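Quick notes on the structure that follows.
In order of appearance the chains are A, B, C and D, and numbering begins at 1 in each one.
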Amino acid sequence: MGGSGILQLIFSGITIGSIYGLVAVGFDIIYNCTGIINFAQGEFVMLGGMIMISLVGAADLPMWISFPIAVFAVTLIGALFERLCIHPLKKPSILTLIIITIAASILFKGGAMFAWGKQTFSLPHFSSERPISIFGATILPQTVWILGFIAVVVLLLAFFFKATMVGKAMRACAANRSAASLVGVNVKEIVLLSFALSAAIGAVAGIIIAPIALMDYERGMILGLKGFSAAVLGGLGNPVGAVVAGFLIGIVEALCAGLLSSHYKDAVALIVLLAVLFIRPSGLFGSLEASRLKKF
Amino acid sequence: MESILEVRNLVKRFGGLVAVSDVSFRVQRGQIKAIIGPNGAGKTTIFNLITGVDSPTAGEIRFKNSEINGLKPHEIAAKGISRTFQNVQLFDNMTVLENVMVGRHPRTVSGLLSSALRLPRTKSEERAIHTAAMERLNFVGLDSSSQDLAVNLPFGQQRLLELARALATDPELLLLDEPAAGLNSFEAGLLADLILKIREHGTTILLVEHDMELVMDISDEIVVLNYGKKIAEGTPVEVQNDQQVINAYLGEGP
Amino acid sequence: MGAKNRISLGVLVGGLVLLPLFMRNPYYIGVMVFIGLYSLITIGLSLLMGYAGQISLGHAAFFATGAYTSGILTTKAGFAPVPAFFTAILLTACVAFLIGIPTLRLKGHYLAMATLGFGQIVYIILNASVEFTGGPSGFGEIPRIQLGSILIESQISRYCLVWSLVILVLIFSLNLINSRVGRALRSIHGSELAANAMGVNTSKHKIQVFVLSAIYASMAGSLYAHFVTFISPSSFDLKFSILVVTMVVVGGMSSVWGALVGTFLLGLLPELLRNFRDYDILVYGFVLLLIMVFTPEGLIGLIDRLKGAQEKRSLKAQAKLS
Amino acid sequence: MSGLNRKWTVVICLLAAFSLLTSTCTKKKEAYKVGAIFAITGPASWLGEPERNTVQMIVEQVNAEGGINGHLLELIIEDTVGDETKTVNAVNKLIEKDNVLAIVGPSRSGTTMAVIPIVEKAKVPLISCAAAETIVEPVEQRHWVFKTPQKDSDAVIRIFEHIKSKGMSKVAIITGTTGFGDAGRKQLKKYAAEMGIAIVADETYGPGDTDMTPQLMKIKATDAQALINWSIVPAQAIVPKNMRQLGMTIPLYQSHGFGNIKYAEAAGEAGEGIIFPAGRLLAVDSLPDDHPQKAVLARYKKDYEEKFKEPVSTFGGHAYDALWLVIDALKAVGPDRAKIRDHIENRKGFIGTGGIFNFSPEDHNGLTKDAFEMLTVKSCKFTLLSE
């Protein structure tokens, strides 16, 4: 396979890897504020995609209107989930919270099954489907859309965390919850916000991937799993690391499928992940101190 | 007198921060020796280095004339060094008695299989562990609460429990990390008596402590650290009159 | 083993002996057989999670190693089921040991990810090495277990075999918990730092209990292979690993009894929900959510709390009397 | 006087009620119980859903027409969730608790394989709706087991015949890593050797994969003249899309697992021109009126699409054939498991949606490669491949 072939594989890896990265960012935001790994994160992705498909397909709304509505709807679901299932608990163990998110993911999946049925749906591409040729490799315009959205989301998040009061409060929470509450940060509100924000990011991921990956009610699990891998590889709680790790996993998968064997491509990505963890037990960009502080 | 512990030119750096810088001292068998110094002087770090929790950047630690740096904490414990912690580290999910029984670990042998199969050997060992643990609880005066959960004890008793647990390992050298912190003066007095009693049984004691009254009362010798460096060593009287020590504690006057 | 454990064990054994007398229908016995298989795994997991404080999201892999080793040895290498059963245990123990050394150095979510990744890798290998495992189609014709002159084929004979094994494993585990090694394990959960200082070789004990729990899972896997006589990778996926962890947490991690309670509940629930038809997935998720929101310590925690309230009430009553 | 009257009224009412009760009991014959197990939820629910819908529809129709020889048909439907353990429990329940006469399903090969030992031991006829050939082979160990979907090997033969007729001999295959894809991969390799076709690339993808361009890049680099995409999961629709992106123009063949118009819709424009073998159900409109299957197919399609407002799929057709085989046997021999089995085994000329079934003691599938037609996708519709 020539250079353009390799380039093609890397494009493929970047496309899917950016989705992993975006899902991973969702994991990180909730993890930072609560220490929870939200196993329902993948379902937010699925819900985003499915709601968008309904709005565009059944309700016949234009894309640019459907997009914010779908994101808002999933954000609301995320916030409701936090209020109803996480908020009422007093001092639960992390493991309990994780099982709650697993239960919630079963519920979301079941609800989606009744709402949309068991079929697979597709969403029209945001613009034309004509492939663009770059140095002999081809990419779909949708890939450009995806990368654009990732850039926008990452920049917005960076601005949010660095420059806004709420964002700063969230970062304070991530660094030290009790200290944050001492200086007047309402930790409970921040937790709610983190769920809402994660849900919104998940929804965006689901919407932008739907045109090229199709969507059905079972899709969330596998995307969630890959996103979790990226979050851990990047060092939990580190959104920049998550995006980088997402690209990394996507590219390793694509290269392995294209050059070695598609039978073992998922395994190779996991082996890389495990190898990194064994050498650096807190991921590529995580600090060891943080991994010590947050345990079950 | 032979020295049971010898620390030579010990250095520990965390990144750019030098926590312990070229510290040497000896502990004689049967002594009560104290390490004092202002906060951040590197006292707890030295404990962590001796017990293998951290490994030294440079230098040597010898216990009973053999080098122990580089050994894992559990190996060092098995050699006869035990400790308590500045912020109490009890096994909250276990009873008071069970906490002390864990202390018998390095002096007993039953493995997973023989434990699970309840072999006769294990059964008799288990009885021995029980007896030994009750003795230690008796010694510190906690025998009446042996069946309570450790987490439910009042703080002062938790300190005593940690002491009993450390004693259960039959240590030759016992490291006490601020044993009197958080105790009232009555409790601290009882603790001093206990420490002296432990020494009578032949256990050497090295302690880090802020309660100067306690330190001066019971210590045979004192090492003073400041910013990771040893600035003085000697008997309580010698140390109290050392100008460098006075400066370190009171701040250098104009 | 304390008196409380002895009583609980007696009640369990009594219940198990009486059950087939009242439930004549082989279908119910069949459901109990699977609950028994799950129990083998969850008892091990509760030792690992509740006592040693280590999580594993990859136990489906050990379940699979047991099942596939037994299946392959008996169908392709001419082994009898019983020697295959022990070979599977040996192999699973070796795999768990080798995986455990690097993995158990990790903590918290990193450990969860590593075990999850290991489980997924095994799942992918089962799917991809078609010549050996039959690939996604799996393989059948696995012989049934022959114990002396008894062929383990009827539901009731499976019931007896699997639950005898569960009881043995339970006694073994309860003995372990209340022993030198068991206390060392629990001390790791309490404070790894202090456990080390007390001479407990924490990494050795973590690996020991990891291997032990893998062996339990392997036993369950071997029995599964010989009971169902057909295996394919879909029974050994991530969902299975999550299911067994959920059983332990729902029941309560504070004791092996919690694991058993959780296994019973989540094992029976799908059968009870058959009447809900398609809605069973919703009801299942909802029940799970309710349990975790209202009894975060698991059902065993709830039972303890009720008992505590009872005691408090009786204490108050006594205080009033005097 | 009035007291006596009241007493009599009560007695008369009771008697009337009793006689009414007994008369209805004797008039109505005992219902025939048949079990059905499909993957109604879980990862294969898109298979189980049309199957469940189909059998429910049949039961309503049969009972509305007075049942089978006066007996109502009672169908007990269980969900396998696509999981083998759950399937085993469900089949045990159907046999031991519900005491069914026969079982229709399961949907997937893996779950079917898991329950074969149970039905063989309990001596209950099972008509599977899953594809793998090992379900009915070796037939001497499958005394009680039948299946309605066409054989994988026949689909492979039809595809290879078509490829050879176009003068091609080098193909690439890409298969899904599920039981269906794996069984197909094995058959493709087996018949390629026999029919003189070279497989120059052999790739796979998982059911959750979202991008197959890496695999297709590898295939593109070979001299393959055609690509065969063998899968039953929705992800198969991504392959034509990715081919289009990479500018691959070699013909794309799919398996009979493509027999769901939703897949063609998901593939969109990229799906145009896909060639695949399938039962005639999907192309019933372009079938000549005198075709023996036409009436059955047209009726099923019309009934199903009117009732459920969704396009019919071949998967539902497999359940349709399976349940009608059981009903056919019940009509002929009554409620006796062994007789039902014998009747199905000797049934010839049974017209179903999948083809015309001719069962025999040597063949528990009863279909030949003629059960397939080669179809293609034209303007997002399935039509007969014309030539």
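Keep in mind that, in the parts below, a residue touches a chain if its C-beta (ideal position, glycine included) is under 8 Å from a C-beta of that chain, and two chains touch if they have at least 3 such contacts.
From a predicted model like this one, the values you see are computed outputs, not experimental measurements.
Student: Any chance you could name the chains that touch chain B and chain D both?
Tutor: Chains in contact with chain B as well as chain D: C.
Student: Hey, which chain ends up farthest from chain A, C-alpha centres compared?
Tutor: The chain lying farthest from chain A is B.
Student: Which chain would you call central, comparing Cα centres to the global Cα centre?
Tutor: That would be C.
Student: Could you please state the distance in Å, as a whole number, between where the Cα atoms of chain B are centred and where those of chain C are centred?
Tutor: Roughly 40 Å separates the two chain centres.
Student: Can you check how far apart chain A and chain C are, centre to centre, with Cα atoms defining each centre and the answer in Å?
Tutor: The answer is 31 Å.
Student: Quick check: how many Å separate the C-alpha centres of chain C and chain D?
Tutor: From the centre of chain C to the centre of chain D is 36 Å.
Student: Roughly how far is chain A from chain B, centre to centre by C-alpha average, rounded to an integer in Å?
Tutor: Using C-alpha averages as centres, the distance is 48 Å.
Student: Would you give the residues of chain C that are in contact with at least 2 other chains, written as numbers and ranges?
Tutor: Residue numbers touching two or more other chains: 127-128, 278, 281.
Student: So which bits of chain A are touching at least two other chains?
Tutor: Counting only residues that touch two or more other chains, chain A contributes 110, 113, 221, 263, 266.
Student: Of all residues in chain D, which are in touch with two or more distinct other chains?
Tutor: Those would be 41, 177, 204.
Student: Taking all chains into account, which pairs touch?
Tutor: Pairs flagged as touching, ordered by label: A-C, A-D, B-C, C-D.
Student: Show which residues of chain A lie in contact with chain C when the two form their complex.
Tutor: Interface residues on chain A, with respect to chain C: 31, 37, 85, 88-89, 92-96, 99-100, 102-107, 109-111, 113-114, 221, 225, 228-229, 232, 236, 263-264, 266-267, 270-271, 273-274, 277-278, 281-283, 291-292, 294-296.
Student: Can you name the residues of chain A that touch chain D in the complex?
Tutor: Its residues touching chain D are 1, 5, 8-9, 11-13, 15-16, 19, 110, 113, 117-122, 129, 131, 138-140, 209, 212-214, 216, 218-219, 221-223, 253-259, 262-263, 265-266.
Student: List the residues on chain C that touch chain B in their complex, please.
Tutor: 172-173, 175-176, 179-184, 186-187, 189-191, 193-202, 208, 212, 254
Student: Please output the residues of chain C touching chain D within their complex, sorted ascending.
Tutor: Residue positions touching the partner: 25-27, 30-31, 34, 127-128, 130, 135-138, 140, 153, 155, 228-232, 234-235, 270-271, 274, 277-278, 280-281.
Student: Touching chain C in the complex: which residues of chain B?
Tutor: Residues 51-53, 72-74, 77-78, 82-83, 85, 89-94, 98-99, 101-106, 108, 110-112, 115-118, 122, 125-126, 129, 162, 165-166, 168-169.
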